[in-house]
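Shared between the two complexes below is chain A, which pairs with chain B and chain C, respectively.
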Partner chain A sequence: MTRTRRVLGVVLMIVLVAWFLTPLLPLGLWAGAETWSGTSPLPQRWGTGNIASVFAPGGGAAVLRSLALGTAVAALATPAGAVVARVLALRQVRRPRLVEGLLFAPVALPVFAVVMGLNVVVLRLHVPGFLGIALVLVVAALPYTTFLMRAAYASYDVAFEEEARTLGASSGAVRWRVRLPLLLPALAGAAFLAFLVGWSDYIVTLLLGGGRYVTLPILVASAASGTGNEPTVAALSLVALAPPALMLVTAGLLRRRLIPRRSRSARRPGPALSSSPVVEGTA
Partner chain B sequence: MSATLTLHGLTRDYGGPAPALSDLTLRVPAGSCLAVVGPSGSGKTTVLRLASGLERPDRGDVRLDGASVLEVAPEERGMAMVFQRPLLFPHRSVLDNVAFSARVRGESRRRARADAEEYLDLVQLSGFGSRHPGELSGGQEQRVALARALAAQPRVLLLDEPFSALDAALRAEMHDLVRKVRAALDPTIVLVTHDQAEAASLADCVAVLSAGRLVQHDTVDRIYSRPTSLTTARQMGGRNEVPGEVCGHHHHSVLGSLALPVDVRPPQGPGVLVFRQESVQVTDPDAADALVEGTVVASRPVGARRLLTIEVVGRAMTPHGGCVVQVHAETPPGHPVWEGDRVGIRLSPHALSVVPEEIGAKRAHTSGMPPRKSEAPVRSGRVSSGP
Partner chain C sequence: MIRGTVSGTRRATLVVAAPVLAVLLVVVTGLGATALQSLGLMPLTGAPRLSFAAYTDEHGELLTATGLSLLIAAGSTALAAVMGMVSAVVAMGSPRARRMLTALVTATVPVPHLVGAASVGLLLADGGLLSRWLGDSPGTWPSLVAGRWPTAVVLEYAWKESAFIALVVTATLATRLTSYHETAALLGAGSRARFRHVTLPLATPALGLASAITFVYTLGSYEVAWLLGPAYPEPLPVMAYRLFTSTDLATRPEAMAMAITTAALAAAAALAALVLVRRTAAWR
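So, the complex of A and B:
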């Protein structure tokens, strides 16, 4: 029975890995192909020209813009989501259901309706391009960060903070020395999601930027709309995968370094990037 | 280090049918240990939360050495609290948990850790500093929590049922540790517990709370021997309640006319005689000094001892109870008494106390039922006296 389970586990793992790697395989082949005729199963000539072309003038700027957009959205939506989640979790607002409904409305409504509505507001207020796009994307990212942090606060024990206060910690010290470390995995997860919203956005950037604000997704879409651009599209897509993958690995390493294995399994609150252990009940 | 804590007229209302705490006034002298006991929901934890500043009272004052600290933030009151759960910070090692208060005071990491080592040594956990909370047992975690609170050098140490989640052996160890800490550091301690034995074991004084009100505040000895209410007697584990009438300096009941101790001066009229089951001596039914005789109707072990329920049949119905009363007695090991045995009961006059009757608080110890018709013969031989 145990052996059958082990075998099933291995098979499941192989299927999962194949599931994730299968789309990447053609991307890798195309990105590394200098010459690849349709009849050959593999490229005839390999090289780094396609990847290098991504960082050519225009491409590099688009990557930087996407990075800036993802970072800005993460930097704004993560703390905002954390604050809203705390207010909701600790019931510091009178009608939490109403607040939750308003927050999650952008997810429930058609994205075009939301973006067009906000587009009008942003244009009327003369908000500069990058800031306008970032702010609209924060609205889109906020439900995700709030949801993640709300789940974290549901298993977060405020008694840790009370204990710290009776030990002499000011509210600032409690925030930095207790709350932040305890919620770090959830915050990292929320920041990751928010970054992805900014990093991979196409519609908001296109509508608000009017085609003048070129980011990596705009570039990918533009290249993909033409024919014979498979190597370029593949290289752009691989580059688009790099930052999120790098963030995941860094977060995992940091988590491993900051929190010892046994404590990790004991009482870390909230969902994290790699796992979601749960702490005991709230105070 | 230690300070006198005074709670004056503390009231806290959460909007329920009754306030969580009503007009509580208590004084805990510097270096003493007060145990606050009471059933769940009696307001015990609220006392600590108001004292520590984690909550603000609706009315009343909290004073340290006579000075009000009501406007002082919790972190500046100098009252460290140990909760029921250890609440060790999982992202810090044991040593850094204990060093936490020194770090937030601005001490260097090296100095804070050096001090923390001393407190770990005090709770007999030297060498555990590099471990993380997840690597400790429940008892060790609570020891670290105690060390962490002591390292904050509090003027008052607040303990909120810190040992209730531990098994009996660990609890006894922790009690020894608290005694050691008291001897070494002489802190003022307020201990909240629902365990009357723990309160008696650790505290100098006990405050009994019921429904948010202070019922009695007295020394451990007096709270056991001279309860002022049925609530206190029951909260402290007392089982014997005999309704009757106080006339002169005697209590008249199914047990007869019993002279009261000189320091017990209840008002004349109806009153409930209370005495501890440990103070009841079980004798041979024919013993000359037996107060009354009765039949053992239940016998169950309480650790090494046995708790007997003895049914005593009065000679006549009394106005304040039936003609049958149940008396509970604890007997030491080695004195087998069985259900159905007839035994005599002896009561020490000093163990008696009288409290007012409480409406709706009647226990099933007495009844207006007539005596049981079938009375089993004595199976054992002579029954020697109890403790």
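So, the complex of A and C:
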């Protein structure tokens, strides 16, 4: 690699780090700012008061509602996506393209256009707020969970199940002790995405909840649409970022513990290999 | 036997039925009710009467909103595709770059757009972080947030979606790039030729599909444009929601007509992307 190319690589890397990190920078600064006058580049006094105020009465309930919505969507959309992906992968259903097309349709449609019409129907049928919101969000999450599980089944070998059956395992034992452990990483990823759909939804909750179902995103939006409450906006936003961040860190730690160090380092090319331009990016 | 039995097929059909019915129930009922209301066939009060008045667009508002929506979606998608592709190519450069960019991208993808918009507002607004850091004197900061052009809206979408595009393209390249690169290098291809004739064609289908998803998403998304966008003109979702919640119930059909217009544009864009991607060489 020539010197100019190496310099270019470093410059590009700095630009990309700035591109991805700068947009979230204000949250950390504002959430920790007890006093920050307009002329100062950094807060004059730091503290945890802003974060604590999120969990004041009302705020705590909103966080719990968002958690409930995220959990409900994950609990329904993950197994549904998994069974559909299995049926599609094993070609057990007629017209698989039609099934796929239908399940992926929600990605190509603006959710507000669907929910605006649904609003009247839900009101006339007296569907409870939480149920209506959760149903729409499960439908919105299904493409993601199905796609992820479909990809997992592409590299999954059904022969393991057949082998276990031949050795006398019951179908229940095969499901819990062969299939589940093998698909666990993909299931966790699908559940994570589905949880995010419920946890971070704003427009469906707004349109179907009619302002009565107050979740954390509703609070973030109402704070952010006003002026002069930067610390509140930042604190609410940071709390909204906490569960996904925690889940990602936990997943990373679990992977480290479950996959032995030797097999991880074996896949990584050594220093002699990685300096050769041909094998770059093998890891 | 797992494959191919009659009872297996019947059970599989039953398993698929519940999720498919849920999707149909929500999408068909929702879009159907939106369409009926836009045509005056499902009024909140009074008798239903077929009318295309909501689509006639007497004051040109529907056209302006459509233009702005397309501008936001195209601008965001173009910038996101460039930054996402650059990230993917840089990530392919070395294992260390790959680890670093994977961490950045994985941290960015789960950020809710609403939180991203709130944070970008705190960054780019007059009196926001950047104007403080750059020591701007009052009144000279460009109105990036809620100004004449949807600058902050496009930047927020481009930032978040570039992470998504980088993730998809990196995943595609990672599985196939190395062996092709080795072959091309053995045949004497330089780095520029490898990029043009190997990396780019391999990345195109993934880049195209991810960009199409970004375009459709930004076209129909509400909260970012509502928080960071100009008060006038409004893009389709923002204007539709304002008319929908207006105390004047007569504006309901117009709100629904805007929703249907957005859905039609999104579906058309998705179909066009699918057709185009299927024509690329690397699509199998």
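Please note the rule applied: the second predicted complex is superposed on the first by the 224 of 283 C-alpha atoms of A that agree within 3 Å, B and C clash if a C-alpha of one lies under 4 Å from a C-alpha of the other, contacts with A are read in each partner's own complex, and residues count from 1 in each chain.
By our rule, a residue touches a chain if its C-beta (ideal position, glycine included) is under 8 Å from a C-beta of that chain, and two chains touch if they have at least 3 such contacts.
Just so it is clear, the model here is predicted, and its values are computed rather than measured.
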Partner touching more residues of chain A, whether chain B or chain C: C
Partner chain(s) touched by A:Leu29 [first = chain B, second = chain C, both, neither]: second
First, second, both or neither for A:Glu162, with chain B first and chain C second: both
Touching partner for A:Leu135 - first (chain B), second (chain C), both, neither: second
Touched partner set for A:Ala89, first chain B, second chain C, both or neither: neither
Chain B versus chain C as contact partner of A:Ala186, first or second or both or neither: neither
On chain A, the residue positions that both chain B and chain C contact, one per complex: 162, 268, 280
Touching residues (chain side chain B, partner chain A) in the complex: 52-54, 73-77, 79-81, 83, 85, 87, 89-91, 100-101, 103-105, 132-135, 148-149, 152, 154, 158
Of chain C, residues touching chain A in the complex: 2-4, 8-9, 12-13, 15-16, 18-20, 22-27, 29-37, 42, 44, 83, 86-87, 90-95, 97-101, 104-108, 110-123, 127-129, 132-133, 155-156, 159, 162-163, 173-174, 177-178, 181-182, 185, 191, 213, 216, 219-223, 226-227, 237, 240-241, 244, 255-256, 259-260, 262-263, 266-267, 270-271
Partner chain C, residues of chain A touching it in the complex: 9, 12-13, 16-17, 19-27, 29-30, 38-41, 80-81, 83-84, 87, 90-94, 99, 102-103, 105-118, 120-121, 135-136, 138-139, 142, 146, 158, 161-162, 192, 196, 199-200, 202-203, 207, 217, 220-221, 223-225, 230, 233-234, 236-237, 240-241, 244-245, 248, 268-269, 274, 277-283
Partner chain B, residues of chain A touching it in the complex: 157, 159-160, 162-170, 173, 177-178, 181-182, 184, 258-260, 262-268, 280
